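Heads up, the next two complexes both have chain A, just with different partners, chain B and then chain C.
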Partner chain A sequence: MFSGLMLTAWESASIVAVVAGVVGFFIGLRGSAFAAHALPNGAFAGAAGASLIGVDAIAGLAVFSILGALTIAALGRRARHDVATALVIVVMLGLGSLFLSMTTEYAPEIFSLLFGEVLGVSSSELIPIAIIGVVCIAAMFLVYRPLMLSSVMPDVAEARGVGSTRMEVIFLVIVALTTTMAVPVVGALLIFSLLISPAAAARSFTNRPFTAMGLSVLIALGTVWSAIALAYLSNLPIGFFVGSIGAGTYAAGRLWAGWKRNRASTPRVAGGRSRAQVQIS
Partner chain B sequence: MQGRAVDGSDEILAVDGVSVTLSGREILRDVTFHINAGEFTGLIGSNGAGKTTLIRVILGLITPSSGTVRVESGSRGHPLIGYVPQRITLDPDMPLRARDLVGLGIDGQRFGLPLPSATRRKQVDEMLDAVDATRFADSRVGNLSGGEQQRILIAHAIISHPRLLLLDEPLANLDIGSEQEVVDLLARIAREQRIAVLISTHDMNPLLPVMDRIVYVANGRIATGTTAEVVSSESLTKLYGVHVDVIHVHNRILVVAGRREEALQHGGSESIVELV
Partner chain C sequence: MAASLSPLIEPGFFSNLPVQTALVVGGVVAVVSGIVGTFTVMRGQSFAGHSLADIGTAGGSAAFLVGISPLFGFVAMNLMAAGVMEWIGIRRPRGRDLATGIVLGAALGLAALFLYLDSTASSTTGATINVLFGSIFTLPSSMVPVIAVFSVVAAGIVLAMYRPLILSSISSDLATAQGIPVRLVGIGYLAALAVAVSLSAVTIGAILSTALLVGPAATALRLTNRPGRAAAFAAVIGLVATWLGVLLAYDSYYWFPTTGGWPVSFFVVTLIFLMYLASQVRFRPRSGVQRRSTLTEAG
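Showing the complex of A and B:
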C-alpha cells in the first residue's frame, strides 16, 4: 500500500488536499462555490483540447481554467456574477464535448479526467503538481489579509485601497491554478468536493479564522488519505470515497455545532426556570 | 462649538463647490462645507437625497465633476478616514470573531499573514474596551446583534486613528435602545479622540442632543450650520423649493412639506408629506 506507484499517489493526493484546504477556506468565506464548480469544468475542456493537439494535459488545464477565471471576473463586473459563471461553464463544457468528439482517446482516460486517477499519477507529473501547489499556498498567504477584508466587507476594503475586482481576479486565478494541479489527481468533478466540504466542516468547529483554515487542511488530508486506503482495500473507485467522506465530515461538523449550541443554551433555560420558581414561591 | 479653535490647522475636511453627475443625472450641485476636529456632524436627508454619494466622494470612490475635497493628512500613512458603510450583512457561519474584524482595522490592507504579537493584541483589547465590546469579543461577528455589530464596525474603523470617521446610516435597523448607545458612543469618540464624525441618517432626532453641525441635503443641494440655523421653516423652504414646516414636538423635530391652508381645508394629511 505504500510502495512505488502508491507512494506517488499518496504524495500527489496530499499536496492537492493541503492546497484545497487552504483555498477552500476562502471559497467558503467569499461564497464563491459556484466558481469553484465552474473552473474545474473549464479545465476539463482544456485537458480534452490538449490531448487533441498532443500537448501536455497540465498545459491545457492551466490555459482553460485561467481563461475561465478571467472571463468570470470580467463578466461579473457588469452582469450578475452567477449568470457570468454559468455562461462560462456552459461554453467550456460545450468546447469539451467538441474536443472529445474529435479525439481518439480511450474512454478510460476521459473518465479519469472527470473522476480522477490518483493511482495513474506518474512521478514526472508530481513535480509540476508540487510547484503549482507551492505557488498557490504562497499566493494565498500573501493576500490573506486584504482578501479577508475584501471578502467580509468589500465596501470598506475598497475605501482602504483594496479593490474588489483586483481581489476577485487574484483569487479566481488561484482557484484556477488549484484546479490545474488537482484535476489529474482527483478529477474535475471531485476537486469540487475537496474545495467545499473540508472548509465547510471546519467552520463548525472553531470561531478563529486561521484555526479554521488549518483545520480545513487537516480534514482535507484525512479525507483523501482514508479515501485512498479504502479504495485500495475495497477496490471501489476513490471518487466515491472522496465524495461521501467529504459530505460525512460536513455532517459531523453540523452535528457538533448543534450539540454545542444545545449545551450552551441549556443552563440559561434552567436558570430562567429556577428564577420563575422563586417568584412563584 | 464655543471655545474651540476654528483656525485652519483644526480643519479636518473641506468640501468646496462639489458637483456630481452620475450617468447624466445631477446628484449633487455646488456642495460646500467644512468640518473641524472633534466635531459631530449630521448629514441629514431623505432616502435618495445623495447622502451616500457625498460620502463616496469624500472617500475618493467617486470623482466629482467639479469642486474639490480635501482631507487633513495625518501622520505616517495611516488610513485617514475611518468608514462604516450602510447595511453590512455578515454571514453567521463565518469563522471570524469580533476581535478578528477589529484587528483587520489595523492592517487589513497589508500583504502577508497577520502574525500574532502582544502589541497588536493589546491594541485590539483596548479598542474593544473603548467601544464596550469586550463581553462579546470572542463571539462570531455574524452572530452579534445589529447594535453589537455596529460597535465592532466602529472599532474597526477607528483603531488606525483616523482624523475623520464617516458612517453611512449606522442607525438604520437598530432598536431605540441600541440607537441611543451607538449615538452616545460616537459622541464620546468625537470628544475624547478629537475625531471629526460625519454620520448620515434620514432621521435627525437621535442626533439632536449631540450634533455640533448639520449638513442638510435636499434636491442635490445642501444647507449647513447649527441645527437651529438650518432646521427652520425659512431655511428648509429655500432648500426644498416648496413650503416646509418645522414642528417641534416632545423634543423631536418633524419636517413636513405641503400647503397648510390646503391641508386644513381638506381636513386630511394628503398634501402633507413628512420629509425626514
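Showing the complex of A and C:
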C-alpha cells in the first residue's frame, strides 16, 4: 500500500488536498462554488484538445481553465455571475465534445480524467504538480488580506481601493491553477468535492478564518488519505469515497453547529438568525 | 423550394428518421427549458439547474444497474437532490451556493461508483460519455411519448403557479407580504426544474441541458423585462438554436466526410452563446449603473 506507485499517489494527492483546503475556504466564503465546478469541467475539454494536437495534457488544462476563469470574470461584470459561469461551462464542454468526436481516445481514459486516477500519476508529473501547488499557496497568502476584505465586505474593500473585479479575476485564476494541478490526480468531477466539502465543514466548526483554513486543510487531507486507503482495499473508484466522505464531514459539521447553537441560546435566538451567523462566519 | 434550399440543407434531411426524432424531441425540450429556465435565471438558480443535470447521472447509472429506464432514475434522483438542496438552504442567497455544491459533490461520488459498477457489469464505459455529451441523433423514437408527458408535467407546474412564482422570483419579501407561501412555491419550482432537467439531460446530455436552460433565458431577459414575454422569447430562441444546430450537424457530415461530422451539442451551444453575446452588445447600459447592480446581485 505504500510502495513505489502508491507512494507517488499519496504524495500527489496530499499536495492537491492541501491546496484544495486553502483555496476551498475562500470558495465557500465568496460563494463561487459554481466556478469551482465549471473550471475543472471546462479544463477537461482542454485536456481532450491537447491530446488531439499532441501536446501535454497539463498545458491543455492550464490554457482552458485560465481562459475560462478570465471569461467568467469578464462576462460576470455585466450579467449575473451564475449565468456567466453556466454559459462558460457549456461553451467549454461543447468544444470538448467537438474534440472528443475528433479523437480516437478510449472511453476509459476519458473516464479517468473525469473521475480521477490517482494511481495513474507518474513520478515525473509530480514535479509540475508540486510547483503549481506552491504557486497557488503563495499567491493565496500574497493576496490574503485584500481578498478576505473583498470577500466579506465588498463595499468597504472598494472604498479602500481594493477593486472587486480585480480580486475576482485574481481569485478565479488561482482556482484555475488549482484545477490544472488537481484534474490529473483526482479528476475533473471530484476536485470539486475537495474544494467544497472540507471548507464548508471547517466553517461550521469555527468562526476564525485561519483556524478554519487549517481545519479545512486537515479535513481535506483526512478525506483524501482515507479515500485512497479505502479505494485500495475495496477496489472501488476513489471518487466515490471522496464524494461520500466529503458529504459526511459536512453533515458532521452541521450537526455540531446545530448542537452548539441549541446549547448556547435555546430561548432567545430564532433558528433563522443564528443560522445566518454560521453562514457568514 | 427544396431546390433553392439545397445549398443549405443537404439531401435526406427531412426524410431521415433520427433527424425527425431529433427535431421533435429537441424542439420539445428547448421549449420547456426556455420556459422553466426564465425563472431559473430570475431566481439565480443556474448552478442548481446545471448541477441537477450532473446529479441525475448518479440516478441514471443506478437505474442502468438495476435494469430500468435511465429516465426514471434521473427523475427520482433529481427530485431527491432537489429536496436535499431545499433542506440545506437553497432559499437564502448565501446558502444557495453551498447547498447545491454539497449535494452535487456527494452525487458525483455516487455517480463514480455506479458508473464503475455499470462498467464491470457490462464492460462498457459508454454511459458516462453518453450522459455528459449525449447525442440527440441516437434517441429511439419510442422515447417521444414519455418525453412529451414529462414536458407537460414540468411546464404545467410552472404555469399552474405562474403569478405567485413571478412575484416570489422578483422579490420574496413582497411575495410574503402578499400572503404567498414563498417556500412552497420555491419547492414546487425546484420540482419542476428537477423534472425538466432530467428530461433534457437524459435525452440530449448535460451540456445541452444547461445550455438550453440558461442561455436562451438569459438572452431573452436582456431583450425584455416582462417575465411572460421573456419565457416566450426564450422558448423561441432555444427552438431556433436547437433546430439550426441539428441542421448544421447533419450538414457537417457532408463538410467533413473523413471525421464523420461535428457533434450537435457543439453547434447548439455555439449558437446560443453567440446570441447571448449579441444581446449583450446591443443592450449595454451605461456602465456606472450596471456595475452597481451587478455588485448587489453578487453580494
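One rule holds in what follows: the second predicted complex is superposed on the first by the 265 of 281 C-alpha atoms of A that agree within 3 Å, B and C clash if a C-alpha of one lies under 4 Å from a C-alpha of the other, contacts with A are read in each partner's own complex, and residues count from 1 in each chain.
Please note the rule applied: contacts are C-beta pairs under 8 Å (C-beta built on N, C-alpha and C of every residue); 3 or more make two chains touch, one makes a residue touch a chain.
In this text the structure is predicted, and so the values were computed from the model without any measurement.
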Superposition on chain A - do chain B and chain C clash or fit: fit
Chain B versus chain C as contact partner of A:Thr85, first or second or both or neither: second
Chain B versus chain C as contact partner of A:Ala212, first or second or both or neither: first
Chain A residues touched - chain C or chain B, whichever exceeds: C
First, second, both or neither for A:Leu236, with chain B first and chain C second: second
Contacts of A:Lys260 with chain B and chain C, given as first, second, both or neither: neither
Chain B versus chain C as contact partner of A:Met102, first or second or both or neither: second
Touching partner for A:Leu149 - first (chain B), second (chain C), both, neither: first
Which of chain B and chain C A:Arg160 touches, first, second, both or neither: first
Minimum C-alpha spacing, chains overlaid - chain B and chain C, in Å: 5
Footprint overlap on chain A, comparing chain B with chain C: 31, 155
In the complex, chain A residues that touch chain C: 28, 31-34, 36-37, 75-83, 85-87, 89-91, 93-98, 100-102, 107-108, 110-111, 114-115, 154-155, 164, 189-190, 192-193, 196-197, 200, 236-244, 246-247, 250, 275-276, 279-280
Partner chain B, residues of chain A touching it in the complex: 29, 31, 141-146, 148-149, 152-153, 155-162, 202-203, 206-212
Interface residues, chain C side, partner chain A - complex: 41, 44-47, 49-51, 54, 89, 92-98, 100-102, 104-113, 115-116, 119, 124-126, 128-129, 132-133, 206-208, 210-211, 213-215, 218, 259-263, 265-266, 268-270, 272-273, 276, 280, 284, 290-291, 294-295, 297-299
Chain A contact footprint on chain B (complex, rising order): 59-61, 79, 81, 83-85, 88, 90-91, 93-97, 100-101, 104, 107-114, 138-140, 156-157
